[in-house]
């Protein structure tokens, strides 16, 4: 296999697992090639996927490159997701929602710090479902957007008020880290 | 484009957005073809991806089909996601996992009895990795929680089914070792 | 003899027994114990549950060991029969444990061989969200609280640090030396008297092991009239 095509397959693998558009420059750094070479390689991969009439396409979107399903497969995809027997929030989405509920208002950065990974994709999902919203901006220099939960979430949970959320101390396993947890929580919770 | 190849691309799109292995039968229902035809189609797609030397492969794991990156791209992926994605299990965790896999459903007490030490710490680790889960409760008076393995574990092991695991009997110590153990335990009366 | 990885009393026993060049008929409870105590010292800390599960096993081994130290008795003796049953149970546990231990390394190989496959964990594309059944319908305050704890609890450490573990005051070797000197000067004593100064259960157990070792090497004789009676000790070694 020549160097070109092996770079192509590494590229495909990286784009496959990325859950955000990946900037050309990030990829150039990862593969230790120039940005121009990377751009060329990405365009070639996009063209290859298109020419082969594949179900997945590579698109250059806001700030980066992203694999996505071909628009003409939408009908099957909708049927597929509609028929999923097991429809629940992904673990990542559930945990992100839980952190926001208990520690609001909270920024993306703080969320990522608690979960150890970027939560951007999950956050978009929660925002579009209307259970989370932007509530304010951080007073700090970055003026980061802060997120909180919405009345829609309370309604779904059958709660009147955020303070009706169960106390985390009641759910701690073996009471080991209660203190650590409680001290990390905002006032009133 | 002929019918075969268009089914292939729809299939690829569906597998691309699925977040767990999809059973052949679910796909057969979705595309309104027989299960046999679907199986054939899936095997062909897997072969096509392999033959083309692509960065993504199709595997039959945990009772279904799932796209995954080719192992020889792992080096770049680990650099891309920042290593921390998959840390290895400790020996204690592996032993506990082996016992659960073969003796499920099993309680904490039964686990501790077999290993000779409490397994609570490692069990929490296995639960948080999603490879083990609570499956039921014991009918006995204590109603102890019983644990079992998850499809995530099968996927990590690259197995379609738990019954694909080798028989435990194959791992029994041999006669000489057993004799040695026996004499090591004391009086030969 | 040095055991690098210690995963519990069964594991330790298994490792001791399967070491080559150990006279297995003589795997003395002392060496098992001493090895364990050294492992404990090296670890710096061990949780109480692990410690007590070791002592349960040590007690069983002690019993078996005592069979060898005592004059030969008939296999028909009900007490002996009971001990042999005990030994068979322990042997069975060891075999089962050994099988799982072997299987664990097989699982490890399989996990390693498959570690290179990464799957997508990306969220559903936004345009498909309306088509999916509402995933929030099963959400309850409880599941939310549990998820919060899962997300905010730092990754589990597998070794539990409990500080209330009895520190080991003397090693078995030191205890053997001490008791040997004491018995040499006193000539006759009881186990209770020897342990009078012991403040912890571990010290007493170590003393008992030391006494058994001294008896095995014919420094002292042990006599006990009946179970739970006073244990008399007599110095029988020829003084140099």
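When the chains are written out, they are named A, B and C in that same order, and each has its own residue count from 1.
Basically, a residue touches a chain if its C-beta (ideal position, glycine included) is under 8 Å from a C-beta of that chain, and two chains touch if they have at least 3 such contacts.
Note that the structure is a prediction, hence the values are computed from the model and not measured.
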Taking each chain's C-alpha mean as its centre, the one farthest from chain A: C
Identity of the most central chain, Cα criterion: B
Computed distance of Cα centres, chain C from chain B, in Å: 31
Intercentroid distance (Cα basis), chain B paired with chain A, Å: 25
Chain A and chain C: spacing of chain centres that average the CA atoms, whole Å: 46
Shared interface positions of chain B, touching two or more other chains: 16-17, 19, 67, 69-70, 73, 77, 120, 124
Sequence positions of chain C contacting 2 or more other chains: 118-122, 124-125, 128, 150
Chain A residues within the chain B interface of the complex: 1, 5, 8-14, 16-18, 30-31, 53-56, 67, 69-70, 73, 76-77, 79-81, 83, 90-91, 116, 173-174
Parts of chain C lying in touch with chain B, wherever the complex brings them together: 5, 7-11, 14, 16-18, 22, 24-25, 27, 47, 49-50, 53, 57, 61, 64-65, 67-68, 75, 80, 83-84, 87, 90-91, 93-108, 110-122, 124-125, 128, 150, 155-160
Touching residues (chain side chain C, partner chain A) in the complex: 118-129, 131-154
Residue ranges of chain B touching chain C (in the complex, touch as defined): 16-17, 19, 57, 59, 66-74, 77, 85-86, 88-95, 97-99, 101-102, 112, 114-118, 120-122, 124-125, 128, 155-159, 166, 168-169, 171-173, 177-178, 180-189
